[in-house]
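Next come two complexes, and both contain chain A; in the first it sits with chain B, in the second with chain C.
Here is the complex of A and B:
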C-alpha cells in the first residue's frame, strides 16, 4: 500500500466513521462487525503514515513490541464482549474509551507487527480466524440476546457475518501462502 | 534450489531433542499397545474389568495412539526436512513439551477423572456422562487435546516459515509450479513435497479442532449453548481424519529418504509424483465424510463425495510410493538390513491396509460393516503394519553404528515375529468384522469370545516384539546420528 493511497484512505475514512456512527450503532452487526474493525483500521492506517514521517517509531515499535502487542490484543478482546457494546451506547465515558482505545490498538498492532517472529504472527492469524469461527457460531446458537440494546435476530445476523468474515479471511490467508509473493523473514 | 542448507555436523542440542522424542515415542507406543491388548483380553474374558474401566482404557488407547503416531511422524519429518530448510530447534522441543503437558492432562482426565467418552469426544457425550465423570474431567481431556494441538501448530508454523523463506510459496514447495510449467526439477526433494502437503492439511485440520474443542468446553460449563451435533461431528471427524492421515504422510518421508540408501538408487521426483501429492492435498481434506456414511441426516452429495473420494484419495500417493518402492527394489542389489525390511513392510502394510478401508468406504457396505470390528481392522492394518514399521525402520537406521556391517540376528527374527503376529492380530479384527462382531463393546457374546481370545494372544506377541524392539532401540539411543 503506497503512502498516497494510505493518506487518501485515512482522510476519507475518518469523516465517514464519524458521520455514520449513529447509523452504524443502530445494529449489533454493523456496530461490532463494521464500526469496531474500522476504528482499528483507521489506527493502523495512521500508524503506517506515522512510520513514514518518523522513522524513530520503527525503533520504538521494535523496542516495545511485546507491550504494544499485549495492549492491542487485550483491547480488541475486550471490545468483543457484547456488554461493552451496550455500555458504549449509554455511557459517554465508555463511548469515549471506544473511540480512543480501538484506533490506539490499530496503531500498536502496526508498530509491533513487523518485529514479531513469523511463528507468532502465524499463531495470531490462525487464532483470529478461529475466534471469528467460534464467536460466529456462538452468536448463532446463543439462546438469549447478550446486548439489551439489540434483538436476538440482530445477534444471529452478526453470527452469520462473522462466519462470512472467517471464510474471506481464510481464503486470503490460504492464497497468500499458497501463491506467495513475499518470502518469510 | 535444492542444495542442503544446514550443516550436517551433528549438533548436540538437536540430537538431545531427537533422543527425547524417540524415548517418549517408544515408551508411549508400548504402553498404548499394552492398553490395546488388555482390551482384547477383557473382551476374550481372560481378564475381568468393569465396563467403565474398559471405556476409559479405550479412550486412552485411541487418543494415545493417534497422538504418539503424530509425534513420531513429526520426528521423521523434522529429521529429514532440516536437511533442506532451516528449522528452529526450540520449536521442535516446544512441541514435545506441550505434547507431554497435554498427555498428563489427558491421563489425569481418564485415570483420575474417569473420562471414558472415546477419543472422538462426540457432542454431547462429554457433558452428559450420567455421573460417570465430571465436567472438569471432560474439560481436562478436551484441554489436553488443545494443548497438544498448539504444540503441533507451533511446529508446522516453523515449517511454513522455513519453506516460505526458501521457496517463496507453498505452491512452489509442493511443486505445483513445476506441474503447470511442465519443467520438472528432478532434484526437488520428495521430503519437501510431503512436508508441504502435511503442513497444509494439518494446519486446516488443527484449526477445525481448535474451533470444536473450544465450543465443547463452552458447552461443558454453559449447557444452554447447545451445539448442532451434526456440525460438531463433521468438525471432529475432519480434524481426526486429517491428523491420523498426516501421520502416515509424515512417516513415509522415511521411505523416500532411506530406501535409496539400501538399494543404491535415488528416489527422484517425477511428474506423477508431484501430481499425486498435489491431488492428495485436496482429497485428504474433502474425503472425511466417509466417516459419516451412517448419518442419514448428512446431505446426500456429501455422502456420495465421501464414497467417491475414498476410492480416489489414497490412490495417488499410495500408487507413486508403492510403484516407486517396487522400482527401487526391482533387479537391484538391495541390502536387506533391518531398516530396509521394515520400510518395505511399511509400504505393503499401507497398500494392503487401504483395501479394507476402501471396502468400508462404500456406502452399502458401510451401512452393515461400520459398527463392526472391520473398522479397527482396517486402521490397525495401515497403522500397525504401515505407519509403525516406517517409524521402526527410521529408528533402526539412524541408531546404526556408522560402520555397522554385522546383522543383529535377534532383531531379524523379531521382525518376522512382529510381522506375522501383527498380520494375524489384524486378520482377527477383520474376520470378527465379517462375523458381525460389534466394535466399542466392553462385553461380547459367548460366540464371539474365541475370536477375542485369539486376537489377545496375537496382540500379546505383537506387544512383546515391540517391547523387544524398544529395549534394543533404547540401548542404541546414544548412537543416534543426525546425518545418518
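Here is the complex of A and C:
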C-alpha cells in the first residue's frame, strides 16, 4: 500500500467507524465481525503511516517486538469474549477501553510484524485462520446465547460470517503459499 | 520485559473473566453478585389485584424475583411453572410467611392487573398466596431497576422480548445476593433455607 492510499483510507475510515458505531453495535455480527476488526485495522493503518514519518519507530518495533506482539495478541483474544461484547454496551469504561485498546493492538501488531521470524508469522496466520473456524463453529452450533444483548439468530449469523471470513482467509493464505513468494511481508 | 508483558496479559484475562470462570456477561454478573451483593432499588409496584406496594415494604422477607411478560409465548410459561413448584416446596417447609415470590413484568404498559391475574391463574387457582405478579407503576423506574441489576431484555423480532429468566434472590435487608437458573429449584430452596436460618441465628450467610 502506498502512503497516499493509507492516508486516504485512514481519513475515510475514522469518521465512518465513529458515525456508524451505534448502528454496528445493534447486531452481534456487525459488532464482532465488522466493528472490532475495523478498529484494529485503523490502528494498523495509523502505524503504517507513523513508521514512514518516524524511522525511529522501526527501531522501537525491533526492540520491543515480543512485548508488542503479546500486547496485541492478549488484547485481541480478550475481545473475542462474549462478556466484553456485552460489557461494552452497558459499561462506558469498557466501551472506552474498546476504542483505545483495539486500535493500539493494530498499531503494536504492525510495529512488530516485520521483525518477527518468518515461521512465527506463518504460525500467527494459521492461528488466526484456526480461531476464525473455531469461533465460527462455536457460535453456529451453540444451543444457548452467549451475549445477553443479542439473539440466538444473530449469534448463528455471526457463526456463518466468521466461517466465511475463514474461507476467504484460507484461500488467500493458500494462494500466497502456492503462487507467491513475492509477498515479503 | 517479556515476562512483564505475559503477566500483564494474564492479569487482564484473570480480571475480565473473574479468574477464568466467567466468559459471558450473565456468568460474570452471577459471580459478581455472589461476592458483592447489590442493593435493590425501590420500585413502586402494582399487583394482580391492583394493589400498590413498595418493594422496600417487603424488607424482612426473602424475595424470589423473576422477570416475565404475560404475552410471552415461551419461557415465561416455564418459569411460572417453576415458581409454582417452588411455592409448593416452600409450603412443605413452612417457609411461606417469610418468603415472597415476585414475578415482575417487563411489559408494564400491556400487563394490567387483569392480565397479571390471568397469568397467575395459568399456574394456580389460588391467587391470595405468597406469590404475586406485579408491574412497575412507573415503567421508567422498572427499566432503571433492570439496568441496575443487569437484567437485559431485547426485542425478539416477533413482537416480544428475549429476556433473562433467572431467579433472583434478595435477602431480608434488600440486597440481591444470588442469581440462579430458573429450573434449579433444589439450589434455590437450599439457599432460601440458609438465608432464613442466618436471619434466625444472626449468622451472616455466605451464599
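Quick note on the criterion: the second predicted complex is superposed on the first by the 181 of 185 C-alpha atoms of A that agree within 3 Å, B and C clash if a C-alpha of one lies under 4 Å from a C-alpha of the other, contacts with A are read in each partner's own complex, and residues count from 1 in each chain.
The rule we apply is simple: a residue touches a chain if its C-beta (ideal position, glycine included) is under 8 Å from a C-beta of that chain, and two chains touch if they have at least 3 such contacts.
As the structure is a computational prediction, the values presented were derived from the model and not from experiment.
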| item | value |
| --- | --- |
| Combined model on chain A where chain B meets chain C, clash or fit | fit |
| First (chain B), second (chain C), both or neither touched by A:74 | second |
| Which of chain B and chain C A:124 touches, first, second, both or neither | neither |
| First (chain B), second (chain C), both or neither touched by A:66 | second |
| Which superposed partner A:86 touches (first chain B, second chain C, both, neither) | second |
| Which of chain B and chain C A:143 touches, first, second, both or neither | first |
| Angle at chain A between chain B and chain C, C-alpha centres, nearest 10 degrees | 100 |
| Which of chain B and chain C A:9 touches, first, second, both or neither | neither |
| First, second, both or neither for A:180, with chain B first and chain C second | first |
| Chain B versus chain C - smallest C-alpha distance in the overlay, whole Å | 13 |
| Residues of chain A that lie at the interface with chain B and also at the interface with chain C | none |
| Residue ranges of chain A in contact with chain B within the complex | 118-119, 122-123, 126, 129-130, 133-134, 137-138, 141-144, 177-185 |
| Partner chain C, residues of chain A touching it in the complex | 64, 66-67, 70-71, 73-75, 77-78, 81-84, 86-87, 90, 145-153 |
| Chain B residues within the chain A interface of the complex | 88, 91, 153-154, 157-158, 160-162, 164-165, 167-172, 200, 203, 207, 210-211, 214-215, 218, 224-228, 231 |
| Chain C residues within the chain A interface of the complex | 1-2, 4-6, 8-10, 12-13, 16-17, 22-28, 147, 150, 152, 154, 156-157, 162, 164 |
